[in-house]
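A quick write-up on the structure given underneath.
Chains here go by letter, A, B, C and D, matching the order in which they are written, and residues are numbered from 1 within each.
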Amino acid sequence: MISKKVTGVEAALKGVKDKMTLMLGGFGLCGIPENAIAELVRIGVKELTCISNNAGVDDFGLGLLLQKHQIKKMISSYVGENEEFERQMLSGELEVELTPQGTLAEKCRAAQAGFPAFYTPAGYGTEVAEGKETREFNGKMYVLEEAFKADFAFVKAWKGDEAGNLIFKGTARNFNPCMCGAADITVAEVEELVPAGELDPNQIHVPGIFVQRIFQGKNYEKRIEQRTVRTRK
Amino acid sequence: MISKKVTGVEAALKGVKDKMTLMLGGFGLCGIPENAIAELVRIGVKELTCISNNAGVDDFGLGLLLQKHQIKKMISSYVGENEEFERQMLSGELEVELTPQGTLAEKCRAAQAGFPAFYTPAGYGTEVAEGKETREFNGKMYVLEEAFKADFAFVKAWKGDEAGNLIFKGTARNFNPCMCGAADITVAEVEELVPAGELDPNQIHVPGIFVQRIFQGKNYEKRIEQRTVRTRK
Amino acid sequence: MLDKNGIAKRIAKEVKDGYYVNLGIGIPTLVANFVRDDINVEFQSENGVLGMGPFPFEGEEDADIINAGKQTITTLPGASFFDSATSFGMIRGKHVDLTILGAMEVAENGDIANWKIPGKMVKGMGGAMDLVASAENIIVAMMHTNRAGQSKLLKKCTLPLTGVGCVTKIVTNLAVLEVTDRGFLLKERAPGVSVEQIKEATEGTLVVEGEVPEMSV
Amino acid sequence: MLDKNGIAKRIAKEVKDGYYVNLGIGIPTLVANFVRDDINVEFQSENGVLGMGPFPFEGEEDADIINAGKQTITTLPGASFFDSATSFGMIRGKHVDLTILGAMEVAENGDIANWKIPGKMVKGMGGAMDLVASAENIIVAMMHTNRAGQSKLLKKCTLPLTGVGCVTKIVTNLAVLEVTDRGFLLKERAPGVSVEQIKEATEGTLVVEGEVPEMSV
């Protein structure tokens, strides 16, 4: 077993520098690498390019990095529910590359799996396809999209073992598996880190080969953006 | 819940006709849809094109269909360990399209996930790339490979539920998940069919949306090709 | 005239037995409340869940189980969770039978715009571009006119597009319309709404054939 | 001269701490038996397992747990199972550090042929074409000559290729060689084998620099 365990978030972020490109898992505030984000704020790295479906909300998630102007460029599919993100984008303070959500996921998966590029129908005939190659297959038009390149990927899982194997819970899975192995170094933080051998090999969502560093996360807030409930009759 | 349950192998194969293209899961004899193969032999459909990593062995798996000359064309990555397959290929009785194993898996996944084609480095500079478009990305050469099209996919899982959700065991997983949803109709046979709600939604390997019919399989032989053991000290 | 729930209720009638359905944020989310009990339908949310159920009971919310609108949800028996690449594989691979989403503008050729007002507002396309580029059955749920009273059913979209020639049906507070080669074909009027009112509220070509029935909601 | 186990034993020395390794069928499979105990290595098999262990004890074979050679295997703590697309994602995405496979022919430019003899034999490429097209560290394990006594280290391959310019190192029963711009660079001689013997058995350009050490196995 090749151990990926590091002592904590500081060791896990070793080598993160200004101007790097980072991938961050999560959908809204669900399944985001809270510990890694807090540490990015603490070490104050700047001029980052962040690939993440959203940029959190104004005061949590990647919103914390936006507030401190640590991000030069966001590559995301969705801005809604984050006013600071929208404000920085409209004012031109922040570069933003908006990418269809499925394309975003697949650009990660392509990087993970060694595909340089792929054809998708998403965005054909829109701004998103401008300057990109388009092509017809079986009577339908597709856009050529290239794999991402990133220095670090930060993901959050429910359980993990020392070998770097990951298991997610519910919809907190989202982009996290696609980003594992899609950057030079993948850092996984987990709610529960167990010794190798405790997880069922049949139930691993991400094999450890895609993860370079894993650590036991702390103090998860797991904020809910839209608390919707029904009342008991 | 949308039920995919059918009464048995006969109902599951309804609509299978001569000259169809079929996908069949499995690697060697591991994880093959034994019940579906037996039924294909019984109903005697002919001139089939079969997409499957191997063609079983001489007297089991797809080898049974080869024996009866029901297969016109095989699309596979590996011939070894099946003398009848090699004989029919060399004699010209059987058309064979040999495809690199990773390309085979991805041509299934592309069909499942709505990608018309993808670029892979596998086979560049070899017979496999003849007549195909090649292209450079970042200094490396790639071959354009197209998604498969198939009428039926036959897969075998360990457990499944009425909603069509599947869970595999060990390396019997192999090509089965990639083939689900990659054909017009996906038929899953399982060792244990349970009511919806009994499987943990976090542990589903293939969501039921990719499966059109599921049935409780019978009499699995699960033959071992190479029984390798060590002796207890 | 319909309210938002009325639009959702009418669209619910388009949901057939055995359908996998993706519901967008806003009015489309409400559709789930009105689907008949005697048919089997599964709701997919692009953030990675199939088999969504109702909202959780108070106190049972789980931050790890949400829909694409970031609302806490529950799952039904037969549900599954999966990653975003797999989720869009379902969408791109045409495994989802029906997509219902909102729009800022729809053009008579089926073009749709719903993610950006240049210089003013950028919501982002989220999964909408993938959905509209792949789905074969796309229903738009929206008000017939915007807050300024201008028609949202146009000859040509003025806002940046989300997808081209993809919308098949539109249900608004005023009408049910189908996108055809000849323009918006008026299929049904909302209760108490006249063909004249719909004509006035529609900037794009409106095709009226014979008697247009009032919808039953 | 080395036997098959000797070749495997020599190659095992190329396996470094922290490596993920893919072993082909035949001699490469034997390499696992000789890797040092004090380093951490994980073996990947392209049919969908990472963290392979030794063969099972008699009576504990499981038809559902095999390697790419269809042999019954076991797994070690930290192992995982996955589908074929994910497995080749590991390979294509360069997550596997070392690939060891057999060959019928290797050319001095690093070309390899190992899946077909036209008109005579077709084994199929299996996963070999994906492996050699992607891996950056490819070691070939083979006999220096074929059964007819002909060299398998050639100026140019005569058989249909598996991959182009990809092999980095070759370990045979006679020698360890590296593929360089100038040809096969002779790095080590097998015990008791002379440079002359290796020259005779090598049809491709053999580069000999200074004293060639005898390998320690």
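Everything that follows uses one rule, which is that contacts are C-beta pairs under 8 Å (C-beta built on N, C-alpha and C of every residue); 3 or more make two chains touch, one makes a residue touch a chain.
In this text the structure is predicted, and so the values were computed from the model without any measurement.
Against reference pair A-D, the listed pairs A-C, B-C or B-D yield one interface repeat, B-C (criterion: more than half of contact pairs the same by residue number).
Ranked by how far their CA centres sit from the centre of subunit B, the chains are topped by C. With centres defined as mean CA coordinates, subunit D is found 28 Å away from subunit B. The centroid of the Cα atoms in subunit B and the matching centroid in subunit C are 36 Å apart. Averaged Cα coordinates give subunit C a centre that lies 55 Å from the centre of subunit D.
Contacts with at least two other chains are made by residues 109, 114-115, 120-121, 168-170, 201-202 of subunit A. Listed for subunit C are residues 49, 81-82, 85, 88, 91-92, 134, each touching two or more other chains. Chain contacts in this assembly follow no simple pattern; the graph is neither a line, a ring, a star nor complete. Listed by chain label, the pairs that touch are A-B, A-C, A-D, B-C, B-D.
Those residues of subunit B that touch subunit A in the shared complex are 114-121, 137-138, 140, 142, 146, 167-170, 201-203.
Those residues of subunit D that touch subunit A in the shared complex are 18, 20, 40-42, 44, 49-51, 75-82, 85-86, 88-96, 134.
Listed in rising order, the residues of subunit D touching subunit B in the complex are 45-49, 54-73, 81-85, 87-88, 91-92, 111, 115-116, 119-130, 133-134, 160-165. Listing the residues of subunit B that touch subunit D in their complex gives 27-31, 53, 76-81, 86, 89-90, 96, 98, 100-106, 108-109, 120-128, 158, 168-178, 205, 222-232. Every residue of subunit A that touches subunit D in the complex is listed here, in rising order: 1-3, 109, 111-115, 161-163, 165, 181, 195-197, 201-202, 204, 207-210.
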